[in-house]
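Shared between the two complexes below is chain A, which has chain B as its partner in the first and chain C in the second.
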Partner chain A sequence: MESVFGLVGKDFAIVVADSSAVHSILVHKTNEDKIMVLDSHKLMGASGETGDRAQFTEYVQKNVALYQFRNGIPLTTAATANFTRGELATALRKNPYMVNIILAGYDKDVGPSLYFIDYIASLHKVDKAAFGYGSYFALSMMDRHYRRDMSVEEAIELVDKCIREIRSRLVVAPPNFLIKIVDKDGAREYGWRESIKDAPVAAA
Partner chain B sequence: MSRRYDSRTTIFSPEGRLYQVEYAMEAIGNAGSAIGILSKDGVILVGEKKVTSKLLQTSASTEKMYKIDDHVACAVAGIMSDANILINTARVQAQRYAFAYQEPMPVEQLVQSLCDTKQGYTQFGGLRPFGVSFLFAGWNKNYGFQLYMSDPSGNYSGWKAAAIGANNQAAQSMLKQDYKEEITREEAIQLAIKVLSKTMDSTSLTSEKLELAEVFLSSGTVKYQVCSPETLTKLLLKSGVTQPAADAS
Partner chain C sequence: MSIFEYNGSALVAMVGKNCFAIASDRRLGVQLQTIATDFQKIYRIHHKLFIGLAGLATDAQTLYQRLVFRHKLYHLREERDMKPETFASLVSAVLYEKRFGPYFCQPVIAGLGDDDKPFICTMDSIGAKELAKDFVVAGTASESLYGACESMFKPDMEAGELFETISQALISSVDRDCLSGWGGHVYLVTPTEVTERILKGRMD
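On to the complex of A and B.
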């Protein structure tokens, strides 16, 4: 029931993920961060098997960091995407990672870019992408309303439309969403969209 | 110099030297020289061909220059059979990187990777080091044109102009005197030819004794071009180190 989606704007890219951590019928927490910041200008939103998600995204993050330490220059978003896909492909025929990934990055020479990488190691460079049951609604909304070179405000409006659809139409819809953005100034959290806040806990 | 410490690569001498590595460099000192010069619009590599015989089948293959990937080439000095192994290793490393990242391997990373391989042979396994020195010429987006020199110890560094093989010290000091920043590719070729003509044993330079290769950009893509014998003859004439056919005795 996890949802991850993303889109590319004028000179930025956005990744949105739900923030519920669920095991069977129990919701462990509603503020789980599923969008890993790989380095200063890359975001990796992931959905799928919880253990695999954390393991694989951390593995990619550490390899991205190692590359930069060894070579003094950061990996480009394209190289990161291909490396990620390669790791998924290598593991696929033995012990697949059940993780779907939306990778967003900003490179000075290329601008913003978005990559769709599914758990069986497909790789596509795209303007908009979505995973999970929410993808039925998010993709439809984006197909209807997405335009190239949208401003941040317009893009967030579209993101909110997608979230509204997911919330209203998906039977077990995740209540809260996290939005992260990456542009020339870096990768950072943009905001939360919460419909359930954890009850405040009294201090001892 | 104690002879007791030179038969195994994996031990230091009491003076802190690795004799096998030094002996490997000796072997290269007897091989045909090669010069590399970094210019603002490309890198040139010039090599001295030691094996010249009328009976040699001069096909498309080269003796001194090899292409590692579309954006990197190298000149070798030393034991040719050792060089072939390392060139193949470098080619595999470059393709492995391109397979993983779908991007050309940055030149310095390629050189470093090959040098890590060479270093292994100075520390473990009990195998002798490779008797080859390389001059790597390449281009990548981040740092533009680059020239690297590496030796059997696995050390490498970036150079503006470098020489390996026979008389490389003499060549290097000549290059130091005459190299200027912002040198163009044509000037670099002339400089390399001039230096080689002074350090080579031959009385006169002909296109049969030399190999010239250039790495440069052409409409945005990296080109590696080995000079044809005709063009090379013209260049040699232009630099005045060879006698025109009419005067040859």
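On to the complex of A and C.
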């Protein structure tokens, strides 16, 4: 089962997602990227139905880019969150997207922000959020150790604690995790936490 | 589990002497898990009209957006704010439009009408209005709230006493309901001012 979680620090936000692509009992790959970079200062971590996840996050990414092309300025994180909720809500009673989303962004005037968006389009601005079976462990660890205004090092230490809990306590724990960070310098990959590496493909 | 109990909520509105109070709990949950403890359930339509939305959070957010849209349009056309009685009829009509695919919300409407006479009403998810002279309740804790309000309510309470009464009724009721609680949010509205207060209750 997929785990995504995120938290807000002093002037940054972090999103962490597991990276296994699973189909029933088979693990297709262990280095899947589930955190879409929407634009220079936004990250969208998503978990749920694989096709919906890939298609919906790409749809949001392209619409964010379209807004910037049309209007010359980028969307704010709050506006992106509300747009995403609107799309999920409109589709909800027709053909729902089974995707849970954690949206992280950095705006110059507001600073870092994190939004929890359920698959049934419940939106809430939060300091910490988690989805999946891993959320039972991640949220508890964050409730215990999280403080406002953590530095990057302290936040990564907390992220590692959460990953350690998920690995040790979840029966079908995902082996690898991807961490992405967004701050005033932009959205980027922070690092991997791997316990299984894909076997290298032999040269032809 | 019923769809109305998915997120958890408790709402109550009470009439006083030329004033009213409307209160809600602050929990946003996903079934047994608590996501946030600062979730807004009471929305301001205009300075003398408030609506609380119990039930499914996503539908509460969608419904609120639709109602604010309708009120803003009304304000542009009529050049005045809507009376609470009119607004209640609007909400009822909006809900009945979706009779065979309803919004899973139970609204609680409270406002000051002509001559600042307090008005409260609630309705079910398909718009059946229930007007009351004393108090109205909604949400997962509604049964407890009925009992608490019936025993604590007195007619023609002044603002201070009304605030105490509604707060005690809310806190004691949500303490018996696992899906609502984590504090309270009380709006006390008189013809001259609106006071918003946060209550500290059992945080569990």
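Some notes on this structure:
Everything below uses one rule, namely that the second predicted complex is superposed on the first by the 204 of 204 C-alpha atoms of A that agree within 3 Å, B and C clash if a C-alpha of one lies under 4 Å from a C-alpha of the other, contacts with A are read in each partner's own complex, and residues count from 1 in each chain.
Everything below uses one rule, namely that a contact is a pair of C-beta atoms (placed from the backbone, for glycine too) under 8 Å apart; a residue touches a chain by one contact, two chains touch by 3 or more.
Predicted model only: the values in this text are computed from it and were never measured.
Superposition of the two structures on chain A shows chain C fitting alongside chain B with no clash. Looking at the shared chain after the overlay, A:136 reaches chain C, while chain B stays out of its contact range.
Of the two partner chains, chain B is the only one touched by A:76; chain C is not. Once the two complexes are laid over each other on the shared chain, residue contacts for A:93 go to chain C alone; chain B is not touched. Rounded to the nearest 10, the angle at the Cα centre of chain A between the centres of chain B and chain C is 60 degrees.
Of the two partner chains, chain C is the only one touched by A:126; chain B is not. Chain A is touched at more residues by one of its partners, and among chain B and chain C that partner is C.
In the superposition on chain A, no contact is made by A:190 with either chain B or chain C. In the superposition on chain A, contact of A:118 is made with chain C only, not with chain B. Figure legend note: chain B and chain C, brought together by superposition on chain A, show a least Cα distance of 6 Å.
Contacts from chain A toward chain B in the complex involve residues 70-71, 73, 75-76, 78-79, 82-83, 86, 109.
In the complex of the two chains, the chain C residues touching chain A come out as 7, 28, 30, 33, 35-36, 39, 56-58, 61-62, 101. Across the complex, chain A is touched by residues 99-103, 106, 108-109, 141-142 of chain B. By the touch criterion stated above, chain A contacts chain C in their complex at residues 85, 89, 92-93, 116, 118, 120-124, 126, 129, 135-136, 139.
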